[in-house]
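Input: structures, listed below.
Two complexes, one shared chain (chain A), two partners (chain B, chain C).
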Partner chain A sequence: MRVALVGNQNSGKTTLFNLLTGSHQKIGNWPGVTIEKKEGIIRTTDFELIDLPGVYSLSAYSQDEKITVDYLLNEKVDLIVNIIDATAIERSLYLTTQLLELNIPVVIALNMSDLIEKNGIKIDFEYIEKKLDTTIIQISALKKFGILNLIQAIKQPNNRKNKYVHIFDHILEDAITKIEKNIDHPFKRYIALKLIEGHELFAKYNQKSIQEIIDDIKPNYQRDLEQIIVDERYRYIESIRDESIKWHRRHMTVTDKVDRVILNKYLALPIFMGIMFLIYYLAAGPFGSLTVDFVDQLIGKFSEWFNLKLISWNASDWSRSLVIDGVVAGVGAVLNFVPQLIILFIGISLLETTGYMSRIAFFLDRVFQKVGLSGKSLIPFIVGSGCSVPAIMSARSIQDETEKKVTIMLTPFIPCSAKLPIITLFAGYFFSDHSGLVSASLYFLAIILIIGIAFVFKKIFYKDHQSSFILELPSYKVPQVSYIVKDVYQKVAAFVVQAGTIIFMSSVLIWFLISFSFAFEYGVLPDESMLAGIGKVFSWLFYPFLGTFSWEASVSVIQGLVAKEQVISSMAIIAGFSEGTSSGVLIFNASAFSFFSASSAYAFMVFNLFSAPCFGSIGAMKKELRDSKSLWLALGLQTGIAWVLATIVYQVGHLIEVLL
Partner chain B sequence: MKIKQHFNIGDITTVDLLPKGTKVKVTEIHTPDHIFKRRLMDMGITEGVRMQIKKIAPLGDPIDIELRGYELCLRKKDLALINVEVIK
Partner chain C sequence: MTLADIIILVCVGLIFFGIIYHMIKHKNEKVCQTCAYAKNKFK
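Right after this comes the complex of A and B.
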């Protein structure tokens, strides 16, 4: 049996999906988290459950609506579980009236039902059940109650009734019945309504006889039929509401009170900046660096201990070098940053689940609208400080195609968590006392770049482009600790797995390339190795902002394409092979990287942060942009701007260094 | 510079011109973009629906309105397409 989970955006659909199937999906308190449809098996059954994108209507105009309609019409769904937000029941039932027309049994899961009483609402469920001829199960996905009842209702066939209830006036109902007779399709009623509405997507089902019926009823109404149908639906819902829902008006809800401060005219911006600063300061500032040093020492001790072990096992020189100088140095350099990432991911997860993200989109829309973006672009940008891949995918919640495209192209400018190691390492060493300030300046630079480029795009490519902004503002929710823990764990685990696979293999490869010459002699000087040979081909590209031909830095930068943390990993391995290494900050005491000054260090960070992102992100961009021209434009733009900017930073900075 | 006008009950105007807290009734949506109009209607903005201006973004735009028991944010320029009657 196939069960489809359908509901409005932000109705708790994904949370319910996880509870029903036991799987763990992404949850957030901003509309549009379900990015693609997901499948699972409902616990204690063999029923397939499909999580469809959140929609407010089956209008079949937006991408999400089309996916949902297409699935319901063509994939032989046996039962629809319609999840409804109890705090927005009126708007939610609008979708329900459309689902009921599909002639697929519907069970309503009334989510957040624990908030009904709290909000001073009284609902006569029996009345609604009778009026819609369906089953309503009260649940709370967050508090985990009513779930077993819901599974029972899904299992019991006699719980599913839905004989179609007439909701339109008799003229429309008559016309619908007549049109249905002329349609050969399992979803006659839906198609009939779409034909009356005049939806182009369904024009192929239209015939002369049908058009005559539609033309016949038109004179009865003063407005177009599409509007009449929507009005009639809401009128029917209003009549149900008036009979079954009693409000005890409260002056102000908790959300209203919180918003009075958070969205206050003067406080909104300072609070937002304060929160973001706090998150990044904790992650990338002195506190984050402290955790990095701590893990670094642990790994250093492990490296020494393991080296001695290998000696005691009589391991050969080259195999010991492969393990210690290659794998442990490379993978270890990346693992140092795990505590920092945990801080960052907790911060982002909190922003996502509390409902603050929607507020940010709301109050900064004005700024982003000016440069041709949407307030909703902020969601990908903030998620992007964790990882660009989910960030690029979350851009789908932006309705306007142009705004979405530009947002996707600009999201990689936000320094992601994999770039954090680069920032921490360079800022910590070269700007020790001001490392927090320098890290902050890079995020700030990213924002300036995004706004500046978006503005230029708007002026050149999308001059007269007009777009709209429709955003539901959800109530605040207290974040669930267990969810945050799981969410952060998953992201950190993904990072560690990446360190264990991609970084591991890259480290082995780098060790191989630096240990052998092109003539396959082992133990050559690093300068005569294959790696040096490769790096020297490219090193002129980076001369303008490094101030020297460094094959070591060049090969490391290029490896950023594999994964940005690989830059640090590669530098750690190369440093291990060059002379002058001592304890402490290993990388910059090595002769290979001793050329770095404050200006070239800053320039190096700028280039790594803003040039083409890693392959994972490029893949996500390709998928979401669906247009290789835009992809190449974006990658070219990113790399070009990064190079120019890095060069300016170095040249100006170097001049100042010389003069001082 | 927009002059702050005074509105009386029964006036027909658009939401973008009204102060916070005003309650209105929608009388007409007039946009040539029928897909956008449909989106607004799908969100519950139909003729006759009652709305209240809940929050105005710190920078003056967008505006958050409450209708049908939930809150919806729209830009001023879109709200200018919706004629309303001031009821309170």
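Right after this comes the complex of A and C.
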């Protein structure tokens, strides 16, 4: 049996899916967590459960709605579990009435029902069950109650009732009945309604006789038929609400009280900046740098110990160099930053689970509207602080094509976790006392850049573009420690796996290229190696913001295309072959990188942060933009802006350095 | 070339080409299928 889990965004679908199936899918207290469907088996049964993206209606306009509608219409679903937020029944029932029209049995899971009494609401469930001819099970996915009852209800065929109840006025209902007779499809009523609404996706079902029926009813209404259907649906829901829901006291909830401060006109932006600064200060500031030093020392000791072991095992110079100067130096340089990433991921996870992320989208919406974006674009930007790939993919929930394209182009500007090692290494060394401030400044520079570029795009390419954004603010929730631990662990594990695979491969390659000349002689000076030969070809490109022709920095920057962490890994390996020492922040003691000054260091960070992202993100951009022209435009734009900005930063900074 | 050199070379080679083999084997999978940042999101 196939069971579909359908509900509004942020109604707790994924939490319920995890409880029903025992899996650990990502959850979040903000809309749009589920973008594609997920599958699992309901515990103690052999029923297949599908978690569909959160939708507010089955209008099939946005991509999330299309996925949901496509699945329900084409995949032979036996039962729909409609999850409803008990604190927002009126809004949730809009989708419910549409699901009931599909002629698939519906069981309602009333989530967060523990909050009903708390919020001063009294609900006559029997009345709603009778009106909708369905079964309602009270649950709390968060508190884990009612889940067994729900599984029982899913198992019981008796609960799978529902005969469609007429909800529209008699003119519309008569027209729907007539149109249904002309449609050969299991979901006649849904398609009949879509044809009356004039939805182009269902135009293939339209016939002359159907159009005549629609034309006949039009004179009875003064407005658009789609709007009439929406109004009639709400009228029906309001009648259910009036009869079944009683508010015995209305008082300000904790969420209301917190929002009065957090969303205050004057305080919202400073609070947001303060929170982001705090996260970056903790992750990349003095505290984060201490953790890097600690891990660096551990790796350094391991490196020394392993080197001695290899000597005792009679390993030759070249094989020891491959392991110690290549693999351990390259992979170790990246692993140094794991503690900082843990801090960053905890911060982001807290923002997601508490519900603050939706608030950020809400108050920045005003600014974003002015530049042709909306608060919906902010979700990819925030996801992008972890990894650009899912961030770019999450942009598909943006309905407006123009806004989606611009968002995809701008998302890689947000410093992802792979860029954090670059930021902390340079900020920690060159701006030691202000490293937290410098790190946060790059995050804010990214936001300013995004707003600025979007503004220019709007002025030049999309003059008449208007964007809209409707967002329901979820209640604040105390984050579940177990979920945060799991979420952070998964992300850190992914980072370590990346270091153990891509960075391992790249480190071996870099070791090979720096150890051999083009004539395949081993042990040549770094300056005569293949790597130097390649780097020298490109070093003129980076001269304007490095202030010197550095093949070492050039090859490291180029490797950022493979993975941004590789920039640091490559620098660590090159530093090892250069004079000085090779590990951690002491990369800058090596002669290869001793040319860096505060201005070229900041410029180097700016270029790496804002230039073309890694291949993984480029692949995601290609998939989502769907045309090569837009992709090349985006990559050219990103790299061009990064180059110009880095050059300005270096030239101005250098001038100040000289004058001071 | 000592025995230790051969063992190191074989180990590094096995891991190196193992990663390449894995990447080729899974090249048709979706970008995010194996990524923890998003595997829960895009199945």
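Details
Keep in mind that, in the parts below, the second predicted complex is superposed on the first by the 637 of 660 C-alpha atoms of A that agree within 3 Å, B and C clash if a C-alpha of one lies under 4 Å from a C-alpha of the other, contacts with A are read in each partner's own complex, and residues count from 1 in each chain.
Quick note on the criterion: contacts are C-beta pairs under 8 Å (C-beta built on N, C-alpha and C of every residue); 3 or more make two chains touch, one makes a residue touch a chain.
Note that the structure is a prediction, hence the values are computed from the model and not measured.
Contact with chain B, but none with chain C, is seen for A:Q227 once the two complexes are overlaid on the shared chain. In the superposition on chain A, contact is made by A:F362 with chain B only, not with chain C.
With both structures placed on the common chain, the touch criterion links A:I89 to chain B but leaves chain C unconnected.
When the shared chain is aligned, chain C comes close enough to touch A:A493, but chain B does not. Contacts of A:G619 after superposition on the shared chain: chain C is touched, whereas chain B is not. Look at A:V323: by the touch rule set out above, it reaches chain C but stays clear of chain B. Contact with neither chain B nor chain C is seen for A:S628 once the two complexes are overlaid on the shared chain.
Contact residues of chain A toward chain B in the complex are 56-57, 59, 61-62, 85, 87-91, 94, 226-227, 230-231, 234, 256, 259, 263-266, 268-269, 362-367, 369, 375, 399, 466, 468-473. Across the complex, chain A is touched by residues 34-44, 46-49, 54-55, 57-62, 64, 68-75, 77-78 of chain B. Residues of chain C touching chain A in their complex: 1-5, 8-9, 12, 15-16, 19-20, 22, 31-32, 35-38, 40-43. Contact residues of chain A toward chain C in the complex are 24-26, 33-39, 310, 313-316, 318-319, 322-323, 327, 386-387, 389-390, 393-394, 490-491, 493-494, 501-502, 504-505, 508, 616, 619-620, 623.
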